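Right, one structure below, let's go through it.
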(Lines give C-alpha, C1' and ligand atoms only; values in the text may rest on other atoms or scores of the structure.)
Protein backbone atom coordinates (compact mmCIF):
# COMPACT_ATOMS: atom_id res chain seq x y z
CA UNK A 1 0.00 0.00 0.00
CA UNK A 2 1.26 3.46 -0.85
CA UNK A 3 2.06 5.78 2.02
CA UNK A 4 -0.34 8.66 2.61
CA UNK A 5 1.57 11.96 2.39
CA UNK A 6 0.08 15.38 3.11
CA UNK A 7 1.34 18.97 3.25
CA UNK A 8 -0.46 22.05 4.55
CA UNK A 9 0.89 25.61 4.55
CA UNK A 10 -1.47 27.91 6.42
CA UNK A 11 -1.82 31.06 8.51
CA UNK A 12 -4.16 29.43 11.04
CA UNK A 13 -3.17 27.40 14.08
CA UNK A 14 -3.52 23.60 14.12
CA UNK A 15 -4.72 20.90 16.52
CA UNK A 16 -2.04 18.26 17.09
CA UNK A 17 -4.57 15.66 18.24
CA UNK A 18 -6.58 15.95 15.04
CA UNK A 19 -3.38 15.81 12.98
CA UNK A 20 -2.07 12.73 14.76
CA UNK A 21 -5.44 11.01 14.34
CA UNK A 22 -5.19 11.61 10.58
CA UNK A 23 -2.03 9.44 10.48
CA UNK A 24 -3.81 6.32 11.78
CA UNK A 25 -5.21 4.01 9.15
CA UNK A 26 -8.35 2.18 10.23
CA UNK A 27 -6.82 -1.30 9.98
CA UNK A 28 -4.63 -0.68 13.02
CA UNK A 29 -1.39 -1.38 11.20
CA UNK A 30 0.22 1.58 12.96
CA UNK A 31 2.56 0.57 15.77
CA UNK A 32 3.91 4.03 16.48
CA UNK A 33 3.71 7.71 15.61
CA UNK A 34 6.65 10.08 16.03
CA UNK A 35 5.97 13.81 15.93
CA UNK A 36 7.80 17.08 16.21
CA UNK A 37 6.19 20.44 16.96
CA UNK A 38 8.18 23.67 16.63
CA UNK A 39 7.26 26.73 18.71
CA UNK A 40 8.13 30.43 18.59
CA UNK A 41 10.57 31.09 21.42
CA UNK A 42 10.34 34.28 23.46
CA UNK A 43 14.11 34.76 23.29
CA UNK A 44 16.57 34.27 20.46
CA UNK A 45 20.29 35.01 20.69
CA UNK A 46 19.97 37.33 23.70
CA UNK A 47 17.13 39.28 22.10
CA UNK A 48 13.56 39.31 23.35
CA UNK A 49 11.23 38.39 20.50
CA UNK A 50 7.93 40.25 20.25
CA UNK A 51 6.77 38.37 17.16
CA UNK A 52 7.95 36.26 14.28
CA UNK A 53 6.98 36.77 10.65
CA UNK A 54 7.20 33.81 8.31
CA UNK A 55 7.49 34.43 4.58
CA UNK A 56 7.35 31.61 2.04
CA UNK A 57 7.33 30.89 -1.69
CA UNK A 58 3.78 29.73 -2.47
CA UNK A 59 3.74 26.71 -4.75
CA UNK A 60 7.38 25.81 -4.27
CA UNK A 61 6.82 25.41 -0.52
CA UNK A 62 4.22 22.68 -0.92
CA UNK A 63 6.17 20.97 -3.74
CA UNK A 64 9.44 20.93 -1.87
CA UNK A 65 7.91 19.55 1.33
CA UNK A 66 6.05 16.86 -0.60
CA UNK A 67 9.35 15.88 -2.23
CA UNK A 68 10.89 15.55 1.25
CA UNK A 69 8.00 13.35 2.41
CA UNK A 70 8.37 11.17 -0.69
CA UNK A 71 12.09 10.80 -0.08
CA UNK A 72 11.43 9.78 3.55
CA UNK A 73 8.89 7.19 2.40
CA UNK A 74 11.48 5.78 0.00
CA UNK A 75 14.00 5.35 2.80
CA UNK A 76 11.76 3.96 5.57
CA UNK A 77 8.50 1.93 5.71
CA UNK A 78 6.30 4.95 6.36
CA UNK A 79 2.53 4.37 6.52
CA UNK A 80 1.64 8.05 6.61
CA UNK A 81 3.56 11.32 6.93
CA UNK A 82 2.27 14.84 7.24
CA UNK A 83 3.65 18.35 7.59
CA UNK A 84 1.76 21.46 8.62
CA UNK A 85 3.72 24.71 8.47
CA UNK A 86 2.37 28.12 9.39
CA UNK A 87 3.17 31.41 7.65
CA UNK A 88 2.50 35.04 8.52
CA UNK A 89 2.72 36.72 11.92
CA UNK A 90 3.24 34.50 15.00
CA UNK A 91 3.57 35.36 18.69
CA UNK A 92 5.99 33.73 21.18
CA UNK A 93 4.67 30.37 22.36
CA UNK A 94 2.70 29.75 19.16
CA UNK A 95 3.08 26.57 17.13
CA UNK A 96 5.06 27.03 13.89
CA UNK A 97 5.41 23.56 12.42
CA UNK A 98 4.20 20.02 12.97
CA UNK A 99 5.71 16.88 11.47
CA UNK A 100 4.13 13.48 12.11
CA UNK A 101 5.04 10.02 10.81
CA UNK A 102 3.24 6.72 11.41
CA UNK A 103 4.81 3.33 10.84
CA UNK A 104 4.47 -0.27 11.98
CA UNK A 105 7.66 0.17 14.05
CA UNK A 106 9.11 2.99 16.05
CA UNK A 107 12.59 3.13 14.53
CA UNK A 108 11.19 4.04 11.10
CA UNK A 109 8.81 6.61 12.59
CA UNK A 110 11.59 8.33 14.56
CA UNK A 111 14.10 8.33 11.71
CA UNK A 112 11.66 9.60 9.09
CA UNK A 113 10.34 12.34 11.38
CA UNK A 114 13.81 13.64 12.17
CA UNK A 115 14.87 13.38 8.52
CA UNK A 116 11.83 15.41 7.43
CA UNK A 117 12.57 18.15 9.98
CA UNK A 118 16.25 18.32 8.98
CA UNK A 119 15.39 18.59 5.29
CA UNK A 120 12.57 21.04 5.92
CA UNK A 121 15.04 23.33 7.66
CA UNK A 122 17.37 23.40 4.66
CA UNK A 123 15.19 22.76 1.59
CA UNK A 124 11.77 24.32 2.12
CA UNK A 125 11.51 28.00 1.09
CA UNK A 126 10.56 29.74 4.33
CA UNK A 127 12.23 32.84 5.79
CA UNK A 128 11.83 34.07 9.36
CA UNK A 129 11.94 37.69 10.43
CA UNK A 130 12.02 38.51 14.14
CA UNK A 131 10.43 41.65 15.51
CA UNK A 132 11.57 42.94 18.88
CA UNK A 133 11.94 46.15 20.88
CA UNK A 134 15.17 46.80 18.94
CA UNK A 135 13.46 46.70 15.55
CA UNK A 136 13.22 43.80 13.13
CA UNK A 137 15.73 41.57 11.39
CA UNK A 138 15.88 38.48 9.22
CA UNK A 139 16.98 35.30 10.97
CA UNK A 140 20.26 33.89 9.65
CA UNK A 141 20.48 30.28 8.52
CA UNK A 142 22.50 28.12 10.90
CA UNK A 143 25.45 26.03 9.79
CA UNK A 144 24.35 23.34 12.26
CA UNK A 145 21.10 22.89 10.31
CA UNK A 146 23.01 22.29 7.08
CA UNK A 147 25.27 19.82 8.90
CA UNK A 148 22.31 17.93 10.35
CA UNK A 149 20.75 17.63 6.91
CA UNK A 150 24.07 16.51 5.39
CA UNK A 151 24.47 13.57 7.75
CA UNK A 152 21.57 11.75 6.01
CA UNK A 153 23.40 11.86 2.66
CA UNK A 154 25.64 8.86 3.22
CA UNK A 155 22.89 6.74 4.76
CA UNK A 156 20.23 4.68 3.14
CA UNK B 1 16.20 25.55 36.08
CA UNK B 2 15.60 21.89 36.81
CA UNK B 3 13.78 19.89 34.17
CA UNK B 4 10.19 18.91 34.93
CA UNK B 5 9.88 15.11 34.78
CA UNK B 6 6.64 13.19 35.13
CA UNK B 7 5.54 9.54 34.96
CA UNK B 8 2.02 8.15 34.88
CA UNK B 9 1.05 4.45 34.79
CA UNK B 10 -2.67 4.07 34.29
CA UNK B 11 -5.49 1.91 32.93
CA UNK B 12 -7.30 4.85 31.36
CA UNK B 13 -6.66 6.36 27.93
CA UNK B 14 -4.86 9.70 27.56
CA UNK B 15 -5.21 12.89 25.51
CA UNK B 16 -2.01 13.68 23.60
CA UNK B 17 -2.90 17.37 23.23
CA UNK B 18 -3.30 17.84 26.98
CA UNK B 19 -0.04 15.93 27.57
CA UNK B 20 1.92 17.99 25.05
CA UNK B 21 0.53 21.21 26.55
CA UNK B 22 1.88 20.11 29.95
CA UNK B 23 5.43 20.15 28.52
CA UNK B 24 5.33 23.86 27.66
CA UNK B 25 6.60 26.21 30.31
CA UNK B 26 4.85 29.56 30.37
CA UNK B 27 8.00 31.57 29.59
CA UNK B 28 8.06 30.26 26.01
CA UNK B 29 11.56 28.85 26.30
CA UNK B 30 10.42 25.75 24.42
CA UNK B 31 11.60 25.65 20.81
CA UNK B 32 10.42 22.13 20.06
CA UNK B 33 8.59 19.09 21.38
CA UNK B 34 9.31 15.56 20.13
CA UNK B 35 6.80 12.85 20.96
CA UNK B 36 6.25 9.16 20.38
CA UNK B 37 2.93 7.36 20.74
CA UNK B 38 2.75 3.57 20.67
CA UNK B 39 -0.41 1.78 19.52
CA UNK B 40 -1.76 -1.78 19.75
CA UNK B 41 -1.42 -3.30 16.30
CA UNK B 42 -4.14 -5.59 14.95
CA UNK B 43 -1.55 -8.07 13.68
CA UNK B 44 1.63 -9.38 15.22
CA UNK B 45 3.90 -12.01 13.67
CA UNK B 46 1.19 -13.32 11.32
CA UNK B 47 -1.33 -13.60 14.14
CA UNK B 48 -4.48 -11.54 14.42
CA UNK B 49 -4.58 -9.85 17.81
CA UNK B 50 -7.94 -9.59 19.56
CA UNK B 51 -6.55 -7.78 22.59
CA UNK B 52 -3.38 -7.04 24.50
CA UNK B 53 -2.97 -7.39 28.25
CA UNK B 54 -0.24 -5.34 29.92
CA UNK B 55 1.08 -6.49 33.28
CA UNK B 56 3.51 -4.38 35.31
CA UNK B 57 5.37 -4.23 38.63
CA UNK B 58 3.69 -1.42 40.59
CA UNK B 59 6.20 0.84 42.28
CA UNK B 60 9.20 -0.35 40.32
CA UNK B 61 7.54 0.73 37.08
CA UNK B 62 7.27 4.39 38.12
CA UNK B 63 10.74 4.38 39.71
CA UNK B 64 12.46 2.85 36.71
CA UNK B 65 10.82 5.23 34.22
CA UNK B 66 11.67 8.25 36.37
CA UNK B 67 15.29 7.04 36.45
CA UNK B 68 15.23 6.89 32.63
CA UNK B 69 13.86 10.44 32.42
CA UNK B 70 16.54 11.66 34.82
CA UNK B 71 19.24 10.00 32.75
CA UNK B 72 17.89 11.64 29.58
CA UNK B 73 17.88 15.06 31.30
CA UNK B 74 21.51 14.49 32.30
CA UNK B 75 22.50 13.81 28.70
CA UNK B 76 20.53 16.53 26.89
CA UNK B 77 19.21 20.02 27.79
CA UNK B 78 15.66 18.81 28.43
CA UNK B 79 13.13 21.37 29.68
CA UNK B 80 10.42 18.83 30.42
CA UNK B 81 9.92 15.12 29.78
CA UNK B 82 6.93 12.94 30.45
CA UNK B 83 5.88 9.32 30.02
CA UNK B 84 2.38 7.90 30.22
CA UNK B 85 2.10 4.12 30.00
CA UNK B 86 -1.12 2.16 30.12
CA UNK B 87 -1.65 -1.22 31.81
CA UNK B 88 -4.47 -3.75 31.74
CA UNK B 89 -6.57 -4.83 28.76
CA UNK B 90 -6.18 -2.92 25.48
CA UNK B 91 -7.86 -3.35 22.07
CA UNK B 92 -6.15 -3.02 18.64
CA UNK B 93 -5.75 0.63 17.68
CA UNK B 94 -5.63 1.83 21.29
CA UNK B 95 -2.79 4.01 22.58
CA UNK B 96 -0.31 2.14 24.82
CA UNK B 97 2.43 4.63 25.59
CA UNK B 98 3.26 8.31 25.10
CA UNK B 99 6.68 9.90 25.49
CA UNK B 100 7.13 13.65 25.11
CA UNK B 101 10.20 15.86 25.50
CA UNK B 102 10.45 19.64 25.26
CA UNK B 103 13.69 21.51 24.75
CA UNK B 104 14.97 24.81 23.39
CA UNK B 105 16.27 22.97 20.32
CA UNK B 106 15.01 20.07 18.26
CA UNK B 107 18.10 17.87 18.31
CA UNK B 108 17.92 17.46 22.10
CA UNK B 109 14.16 16.83 21.98
CA UNK B 110 14.50 14.13 19.31
CA UNK B 111 17.48 12.39 20.92
CA UNK B 112 16.00 12.37 24.43
CA UNK B 113 12.62 11.11 23.18
CA UNK B 114 14.16 8.21 21.26
CA UNK B 115 16.52 7.40 24.15
CA UNK B 116 13.60 7.26 26.59
CA UNK B 117 11.64 4.88 24.33
CA UNK B 118 14.66 2.62 23.82
CA UNK B 119 15.33 2.40 27.55
CA UNK B 120 11.64 2.01 28.39
CA UNK B 121 11.53 -1.04 26.13
CA UNK B 122 14.39 -2.74 27.95
CA UNK B 123 14.35 -1.39 31.54
CA UNK B 124 10.75 -0.74 32.59
CA UNK B 125 8.95 -3.78 34.09
CA UNK B 126 6.03 -4.31 31.71
CA UNK B 127 4.99 -7.61 30.12
CA UNK B 128 2.62 -7.96 27.19
CA UNK B 129 0.28 -10.89 26.61
CA UNK B 130 -1.55 -11.15 23.31
CA UNK B 131 -5.00 -12.70 23.08
CA UNK B 132 -6.19 -13.97 19.72
CA UNK B 133 -8.47 -16.56 18.16
CA UNK B 134 -5.68 -19.11 18.74
CA UNK B 135 -5.55 -18.51 22.48
CA UNK B 136 -3.19 -16.32 24.43
CA UNK B 137 0.57 -16.04 24.74
CA UNK B 138 3.23 -13.85 26.28
CA UNK B 139 5.11 -11.62 23.84
CA UNK B 140 8.82 -12.42 23.59
CA UNK B 141 11.40 -9.69 24.09
CA UNK B 142 13.13 -8.70 20.85
CA UNK B 143 16.90 -8.72 20.44
CA UNK B 144 16.59 -5.60 18.30
CA UNK B 145 15.20 -3.68 21.28
CA UNK B 146 18.20 -4.62 23.40
CA UNK B 147 20.52 -3.59 20.56
CA UNK B 148 18.79 -0.24 20.16
CA UNK B 149 19.16 0.46 23.87
CA UNK B 150 22.82 -0.63 23.83
CA UNK B 151 23.80 1.85 21.15
CA UNK B 152 23.35 4.74 23.65
CA UNK B 153 25.95 3.26 26.00
CA UNK B 154 29.03 4.55 24.23
CA UNK B 155 27.55 7.98 23.59
CA UNK B 156 27.35 10.97 25.83
CA UNK C 1 11.22 -11.57 56.38
CA UNK C 2 11.76 -11.32 52.64
CA UNK C 3 9.10 -10.57 50.07
CA UNK C 4 9.54 -12.33 46.71
CA UNK C 5 7.51 -11.36 43.64
CA UNK C 6 7.06 -13.04 40.25
CA UNK C 7 5.78 -11.45 37.03
CA UNK C 8 4.65 -12.20 33.51
CA UNK C 9 5.16 -15.60 31.95
CA UNK C 10 7.22 -16.71 34.98
CA UNK C 11 4.36 -15.86 37.36
CA UNK C 12 2.02 -18.04 35.29
CA UNK C 13 4.50 -20.91 34.98
CA UNK C 14 5.01 -20.97 38.75
CA UNK C 15 1.35 -20.36 39.50
CA UNK C 16 2.56 -17.90 42.13
CA UNK C 17 2.43 -14.10 42.45
CA UNK C 18 4.43 -13.67 45.61
CA UNK C 19 5.96 -15.39 48.63
CA UNK C 20 6.97 -14.31 52.12
CA UNK C 21 10.11 -16.13 53.29
CA UNK C 22 12.09 -16.07 56.51
CA UNK C 23 15.68 -14.96 56.03
CA UNK C 24 16.74 -18.49 57.01
CA UNK C 25 14.67 -20.03 54.19
CA UNK C 26 15.67 -17.30 51.72
CA UNK C 27 19.45 -17.52 52.01
CA UNK C 28 22.15 -14.88 52.33
CA UNK C 29 22.11 -13.52 48.81
CA UNK C 30 20.22 -13.52 45.49
CA UNK C 31 22.04 -16.55 44.08
CA UNK C 32 21.24 -18.59 47.20
CA UNK C 33 17.60 -17.48 47.15
CA UNK C 34 17.20 -18.47 43.52
CA UNK C 35 18.93 -21.84 44.10
CA UNK C 36 16.82 -22.53 47.21
CA UNK C 37 13.58 -21.78 45.36
CA UNK C 38 14.65 -24.03 42.48
CA UNK C 39 15.57 -26.97 44.69
CA UNK C 40 12.86 -26.83 47.36
CA UNK C 41 9.75 -26.53 45.20
CA UNK C 42 9.95 -29.25 42.59
CA UNK C 43 10.59 -29.60 38.88
CA UNK C 44 8.25 -26.84 37.73
CA UNK C 45 10.13 -24.26 39.78
CA UNK C 46 13.52 -25.63 38.80
CA UNK C 47 12.69 -25.35 35.08
CA UNK C 48 10.98 -21.94 35.16
CA UNK C 49 13.13 -20.10 37.67
CA UNK C 50 16.33 -21.72 36.40
CA UNK C 51 15.87 -20.33 32.86
CA UNK C 52 18.88 -18.39 31.60
CA UNK C 53 17.01 -15.20 30.77
CA UNK C 54 15.36 -14.61 34.18
CA UNK C 55 15.93 -11.05 35.41
CA UNK C 56 16.25 -10.18 39.09
CA UNK C 57 15.34 -6.97 40.88
CA UNK C 58 16.29 -6.09 44.48
CA UNK C 59 14.17 -3.41 46.12
CA UNK C 60 12.72 -2.46 42.74
CA UNK C 61 16.02 -2.07 40.91
CA UNK C 62 17.29 -4.52 38.33
CA UNK C 63 20.56 -6.14 39.41
CA UNK C 64 22.87 -7.95 37.03
CA UNK C 65 25.22 -9.35 39.70
CA UNK C 66 24.67 -11.28 42.91
CA UNK C 67 23.76 -9.15 45.96
CA UNK C 68 23.38 -9.71 49.71
CA UNK C 69 19.84 -9.93 51.13
CA UNK C 70 18.64 -8.12 54.25
CA UNK C 71 15.56 -8.41 56.39
CA UNK C 72 12.70 -6.44 54.80
CA UNK C 73 14.09 -6.58 51.26
CA UNK C 74 11.81 -7.03 48.25
CA UNK C 75 13.08 -9.34 45.52
CA UNK C 76 11.45 -9.89 42.12
CA UNK C 77 12.06 -12.46 39.39
CA UNK C 78 10.73 -11.90 35.89
CA UNK C 79 11.34 -12.59 32.18
CA UNK C 80 12.77 -9.92 29.84
CA UNK C 81 10.45 -6.92 29.75
CA UNK C 82 8.21 -6.17 26.76
CA UNK C 83 6.57 -2.80 27.42
CA UNK C 84 6.50 0.37 25.33
CA UNK D 1 8.75 36.00 -21.06
CA UNK D 2 10.45 35.01 -17.85
CA UNK D 3 9.08 35.52 -14.36
CA UNK D 4 11.69 36.31 -11.70
CA UNK D 5 10.86 36.26 -7.97
CA UNK D 6 12.78 37.46 -4.89
CA UNK D 7 12.21 36.45 -1.29
CA UNK D 8 13.17 37.25 2.29
CA UNK D 9 16.03 39.58 3.08
CA UNK D 10 16.95 39.77 -0.62
CA UNK D 11 13.45 40.92 -1.55
CA UNK D 12 13.74 43.73 1.00
CA UNK D 13 17.26 44.72 -0.05
CA UNK D 14 16.19 44.97 -3.71
CA UNK D 15 12.86 46.56 -2.87
CA UNK D 16 11.39 44.18 -5.45
CA UNK D 17 9.07 41.16 -5.23
CA UNK D 18 9.08 40.10 -8.85
CA UNK D 19 9.95 41.04 -12.40
CA UNK D 20 8.75 40.04 -15.85
CA UNK D 21 11.59 39.96 -18.38
CA UNK D 22 11.76 39.25 -22.08
CA UNK D 23 13.99 36.29 -22.92
CA UNK D 24 16.34 38.75 -24.66
CA UNK D 25 16.76 40.81 -21.47
CA UNK D 26 16.97 37.71 -19.30
CA UNK D 27 19.75 35.86 -21.07
CA UNK D 28 20.18 32.23 -22.08
CA UNK D 29 20.80 30.68 -18.69
CA UNK D 30 20.70 31.30 -14.92
CA UNK D 31 24.26 32.63 -14.72
CA UNK D 32 23.57 35.16 -17.51
CA UNK D 33 20.29 36.22 -15.89
CA UNK D 34 21.96 36.82 -12.54
CA UNK D 35 24.86 38.73 -14.16
CA UNK D 36 22.46 40.83 -16.25
CA UNK D 37 20.37 41.77 -13.21
CA UNK D 38 23.53 42.68 -11.26
CA UNK D 39 24.95 44.89 -14.00
CA UNK D 40 21.82 46.57 -15.36
CA UNK D 41 20.22 47.75 -12.13
CA UNK D 42 22.89 49.57 -10.16
CA UNK D 43 24.99 49.06 -7.07
CA UNK D 44 22.21 47.89 -4.76
CA UNK D 45 21.37 44.98 -7.06
CA UNK D 46 25.03 44.15 -7.66
CA UNK D 47 25.70 43.90 -3.92
CA UNK D 48 22.54 42.06 -2.90
CA UNK D 49 22.14 39.66 -5.82
CA UNK D 50 25.90 39.09 -6.10
CA UNK D 51 26.17 37.74 -2.53
CA UNK D 52 27.83 34.33 -2.32
CA UNK D 53 25.02 32.60 -0.43
CA UNK D 54 22.16 33.44 -2.82
CA UNK D 55 20.13 30.35 -3.75
CA UNK D 56 18.45 29.91 -7.12
CA UNK D 57 15.31 27.99 -8.00
CA UNK D 58 14.12 27.19 -11.52
CA UNK D 59 10.44 26.34 -11.88
CA UNK D 60 10.17 25.94 -8.11
CA UNK D 61 13.10 23.57 -7.70
CA UNK D 62 16.40 24.57 -6.13
CA UNK D 63 19.27 24.25 -8.60
CA UNK D 64 22.92 24.17 -7.56
CA UNK D 65 24.36 24.39 -11.10
CA UNK D 66 23.75 26.69 -14.05
CA UNK D 67 20.73 25.80 -16.22
CA UNK D 68 19.28 26.95 -19.57
CA UNK D 69 16.25 29.24 -19.48
CA UNK D 70 13.16 28.78 -21.62
CA UNK D 71 10.19 30.98 -22.39
CA UNK D 72 7.64 30.72 -19.57
CA UNK D 73 10.11 29.64 -16.91
CA UNK D 74 9.85 30.87 -13.34
CA UNK D 75 13.12 31.75 -11.62
CA UNK D 76 13.56 32.69 -7.98
CA UNK D 77 16.50 34.13 -6.03
CA UNK D 78 16.57 33.96 -2.24
CA UNK D 79 18.84 33.74 0.82
CA UNK D 80 19.36 30.45 2.72
CA UNK D 81 16.03 29.23 4.08
CA UNK D 82 15.13 29.46 7.77
CA UNK D 83 11.81 27.67 8.20
CA UNK D 84 10.84 24.85 10.50
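A, B, C and D label the chains in the order they appear, each numbered from 1.
In this text, a residue touches a chain if its C-beta (ideal position, glycine included) is under 8 Å from a C-beta of that chain, and two chains touch if they have at least 3 such contacts.
Since we're looking at a predicted model, the values are computed, not measured.
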item: From chain B, the most remote chain by mean C-alpha position; value: D
item: Geometric centre distance via CA averages, chain D-chain B, whole Å; value: 48
item: Distance from chain B to chain A - Cα centre to Cα centre, in angstrom; value: 22
item: Centroid spacing, where centroids are CA-atom means, of chain B and chain C in whole angstrom; value: 26
item: Multi-chain contact residues (two or more partners), chain B; value: 38, 106, 117
item: Multi-partner residues of chain D (at least 2 other chains); value: 84
item: In contact (per the touch rule at the top): chain pairs; value: A-B, A-D, B-C
item: Contact set on chain C toward chain B in their complex; value: 5, 7-9, 11-12, 53, 57, 60-62, 76, 78-84
item: Of all residues in chain A, those that touch chain D in their complex; value: 38, 54-57, 59-60, 63-64, 85, 96-97, 117, 120-129, 138-141, 145
item: Partner chain B, residues of chain A touching it in the complex; value: 15-17, 20, 24, 27-43, 92-93, 104, 106-107, 109-110, 113-114, 117, 148
